[in-house]
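Working notes, beginning with the structure itself.
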Amino acid sequence: MTTWQNNRAARDVRIAAGAGLARGKVVEARDATRLLEAVIRPGDRVCLEGDNQKQADLLSQALLAVDLSRVNDLHMVQSGVVLPEHLDLFDRGVAKRLDYAYSGPQSARIARMLFGGKIELGAVHTYLELFARYFIDLTPQVALIAAVSADREGNLYTGPNTEDTPTVVEATAFKDGIVIAQVNEIAETVPRVDIPSDRVHFIVKSDKPFFVEPLFTRDPAAITEGQILTAMLAIKGIYAPYGVQRLNHGIGFSTAAIELLLPTYGERLGLKGKIATHFALNPHPALIPAIESGWVRQIHSFGSEVGMDEYIRARSDVYFTGPDGSLRSNRAFCQTAGLYACDMFIGSTLQIDLQGNSSTVTTSRIAGFGGAPNMGADARGRRHPSEPWLKAGAEAAPDGAALLRRGRKLVVQIGETFGDKNVPLFVEKLDAIELAEKLNLELAPIMIYGDDVTHIVTEEGVANLLLCRTAREREQAIRGVAGYTDVGRRRDHGMVARLRERGVIRRPEDLGINPLDADRSLLAARSIKDLVRWSGGLYAPPSKFRNW
Amino acid sequence: MEDLRFQHRVRTRAGGTRQSAIVGVVASGNLEVLVERVLPDAECALDIKTAAIGFGEVWTAVVGDFVERYSPGGLRFSINDGGARPDTVSLRLAQAVRLIAENGQ
Amino acid sequence: MTLDDIITSLFPDGHEVRSDKGVLLGSATLRSGDSMLVLGVADRTALGVDEALRLSGHVLRSIGRDSGPILVLVDSDSQRMSKRDELLGLNEFLAHLAKVLIHADMNGRPTIGLLYGHSAAGALLATGLATRVLVGLPGADPAVMDLPSMAKVTKLSMEALEEKAKSTPVFAPGLSNLAQMGAVHMIWSNTTSLADQLEALLADMPAARDGRDTLGKVRGGRLKAAEIAERVRDLALQAR
Amino acid sequence: MTAPLKDITPAERARSTSFYEASARTRLELLLDAGSFVEFIGPEQREVSPHLKIFDLPEQFDDGIVVGHGRLDGAQVFVAAQEGRFMGGAFGEVHGAKLTGLLRAARQIGSIPVLILFDTGGVRLQEANAGELAIAEIMRAVMEARSSGVKVIGLIGGRSGCYGGGGLIAGCCSALAVSEPGRIAVSGPEVIETNRGVEEFDSRDRALVWRTMGGKHRRLLGAADVFAADNVQDFREAALELLGLVGPLGLERLKAEQERLADRLRRYGACEDAVDIWTAEGIVHAETVPELPADQFIALADRIGRTSRDAR
């Protein structure tokens, strides 16, 4: 006779095996490894929670310490490969196969391990893509998650850094999986219930708070004149003419410069209220002066940012907060918002080729995608109109019938022609392609495809790729803003001049910008301390950013 | 270190009366430009000492564009470069011309 | 030579110099019968706030008494590199010691430094380099900056640094380099009586004016300092 | 924070210019009466370090220090400003000799004060012996100048702080003004960490670095006399205030300094952290001192009342 509840029965056996180590749902930290040995089976799909910000660090250490005869050959399905332990799992043989989205700090080691065959790679995803697969073909059998606090029943408060947790728990708990949470404290009551207790099977009390990386803090003191010029070009050359109100910013210094120019340069241009009012964005400290100056109406966030909690709590008109007052972030929803409800993505990258494809991969590093491709892609399923979207669509296809013409999302790559150590931003061939050839990948790891990119901004000017009609025009438009890189110096001067006449390329002087005005005195805040002052003392930056 | 030297014939004399000016600082990714009004009106020269070896072609292009754009006649530029990017070089050169174009000593 | 050998050879007519955890305090009798104030750092002791304050106090207490010229013996580590010392303001304590020595020297209490062992960085500035005449003994091994640390910062190999050190005294450790720079006025012999050499020096003390840059120029170790200082001085005097 | 761009007076410009961020030349331009600065051995003389080429390193035409004279509220002053971004503002042979020469002139004249705008990591490694000796000569020259009645005022608020021998020179000055980001110490954070281990001193814990060596702690200790907000105008006003306050150096001051430092060791010698010292000073909620805005901090420091101007 066919049985239809095998998975549920198997889950109950696992829970029973773990229950011996628990009082109620609570397991002591010292028993965490024994708990994992009890509930995890060889070959399981395991989601070890961790992304570019928060990390279930205690549980990753516990998993690393398991008895290999009981737990091995796991298939890790996780957003972030960020902690050294995440890769130690593969070195030790606890895990074998990997599907992930982001690997920032481990990007060099993960590349070595892929070459060395230590890791069987499924695929590198965007966040939203990996989340989607949790519900189709990569559903975890066990999820190891991180929360701020739990009550005795197992209701969880995930706090400002809620991030991926609801998505991971949804996919696991409702498909007969086991959810184990590490928490910083066990309280009588939690400030708010982010995860209801019936989805949580075990709780491990950690003796120190889970690790959170301050990934979105850019010290204004490090912003250069070149970045300021580039930011001025973006504001005057793109934000203003398209009237971009709903948008997402990348995490680089150029976009931080834009955020800090809004209350000064943007104000002088009379753009307040007309641009940059609604964001899908982490709580960037650099946006504080714009918020305080009344520029920003609403921000939904993927995660939180270290030191911003009190500021957010005090600015609930702007941020999404729970009944307890603290930020509620949600990566899956914010990624969806960035994909469908924003008219612009603007961010930096490491390499751009002649077609406009961009990548943050270098031959020795595989940093993964994170969320940028979801933001930096035209959403083909979008149906609601907006002015910037329609205008961009019209520029791309001026001859199409207006009522049938798709709009276009503005996907802007911003950067300086040369990056750190004089490495050029523009290349003839992306390192990502070389890497794909070396690793025999079926797809090169492209962050943003050239056909999605609408504008490229450098200190040399703005290239509007929507206005290019041929591949050759597109290539010359890119060369035309590539400055003194090899790519830039090999431009066709005549064609670039014609593109400029058509407004495909706009130089600083075409926009009425004098590069000599790009001065740090334009920044609304020139130091982290200035940001603290703007926040009225509510922003508490982490120690590594202080000079007081 | 690498030494580079450029000499150009230019259309017009640089404006202003200042005899010399200095901008920038020698640090990683930065440079100082000392500009002096010491040459005949139709000439300009740039003497560069750079910590970044092998960028002669890029310098040629940067200097060419700069001279074309500003016509800094009569000026000698002496540059100590800590490996600045071309955009920074262009900016400092422009700043130096702006400063020496002021009136004064 | 050990410290005891040195003190015995310097002061055959007697002394009361005591070492307490590396801090030397006391006085001694010169050939002439006059006394000399003695202080210093021994046993390669690091100079921290406590040590510096005891040394400066010793000098200040002697002022106004007929306690003669001042000898500073130096075999120290660097300044003490600790959180506590910096928390308490080590820079002030070291500066204070130097100031007291310089003040005494300018006010009738000529100072002589005797570098007989190691010294470095802030410790050397506050002791030997704050005296009017710094004497080296053979075997002394001062090091403003040690080569391994330099190699780390400059990212050059030790071999490369040692090679460069052959052509210039300007950065590498060692008594002869410091002598060539004009920091060490003379190197005494350790085979003849130190008392004789001290007597000769006291009988022929150079003027209190700081002539170390000129000395460095004459010895070919520091070719620019004296000239630059002189030019700035002249320009500043004209600007009055 | 930035005022909207418009034509502004020099004082307004000085007020809106961060001392920490400004170059040595900009600091001098805005510190002194407008247009009054005249440089000695300026960059066009190209008196560069003769030693950097041994290491194949780039030179700077002024060797990282600007010296000259100008006017402060109409009165003549000598000034020296270190450029903290060129080799960390470190002392080399030429760099040091320029300051030595300036101090020697001041001594000869006796009545023109000297302002030193420190911004230095200490001795320049590539010419360590020359740099160390230059510092020794400067210390001697400061003492000789002060003994002749010259006021030597140190201003500290640059990005390289005032470290190594720079800290010792600062200790020789008649008085110091310091801002919050300014740091004064001998050993740098990394050096302490290397020598003592990260458990004693974590150099990446910048809050720890600043509360151990930073401007607020130095002001509360009495190691600096005036606390300036981080803008050039505040430093200008601090310099003017100090020039009006300090008197000539003599034995009594050195004795008073001995007592001042001995008192510090007695009171705080057993303290483990700056917060313990501030608590011992009677500050409630001492842990919040780093967060205090400049005006509140100045009021607090004045209430504690530790200064050293009669004891240094």
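All chains are identified by letter, namely A, B, C and D, in their written order; residue positions are counted from 1 within each chain.
The criterion applied here is as follows: a residue touches a chain if its C-beta (ideal position, glycine included) is under 8 Å from a C-beta of that chain, and two chains touch if they have at least 3 such contacts.
Owing to the predicted nature of the structure, the values given are computational and were not obtained by experimental measurement.
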| item | value |
| --- | --- |
| Chain of greatest Cα-centre distance to chain C | A |
| Centrality ranking, top chain (CA atoms only) | D |
| Pair of chains joined by more contacts [C-beta pairs], C-D or B-D | C-D |
| Distance between the centres, which are taken as Cα means, of chain C and chain B, whole angstrom | 46 |
| Geometric centre distance via CA averages, chain D-chain B, whole Å | 33 |
| Chain centre separation in whole Å, for chain D relative to chain C (CA means) | 25 |
| Separation of chain A from chain B, taking each centre as the mean of its C-alpha atoms, in whole Å | 41 |
| All pairs of touching chains, each written as two labels joined by a dash | A-B, A-D, B-D, C-D |
| List of chain C residues in touch with chain D within their complex | 49-50, 53, 56-57, 60, 63, 79, 81-96, 98-100, 102-103, 106-107, 121-122, 124-126, 129-130, 144-145, 150, 153-154, 156, 164, 167-172, 177-178, 181-183, 210, 212-213, 216, 221-237, 239-240 |
| Chain B partner contacts - residues on chain D that touch it in the complex | 23, 25, 42-44, 46, 53, 56-61, 83, 85-86 |
| Chain A partner contacts - residues on chain B that touch it in the complex | 52, 55, 57-58, 61-62, 83, 85-88, 90-91, 94-95, 98 |
| Of chain D, residues touching chain A in the complex | 1-2, 4-5, 16-18, 20-21, 180-181, 204-208, 210, 214, 216, 230, 290-291, 293 |
| Interface residues, chain A side, partner chain D - complex | 221, 264, 267-268, 289, 520-527, 529-530, 533-534, 537, 543-548 |
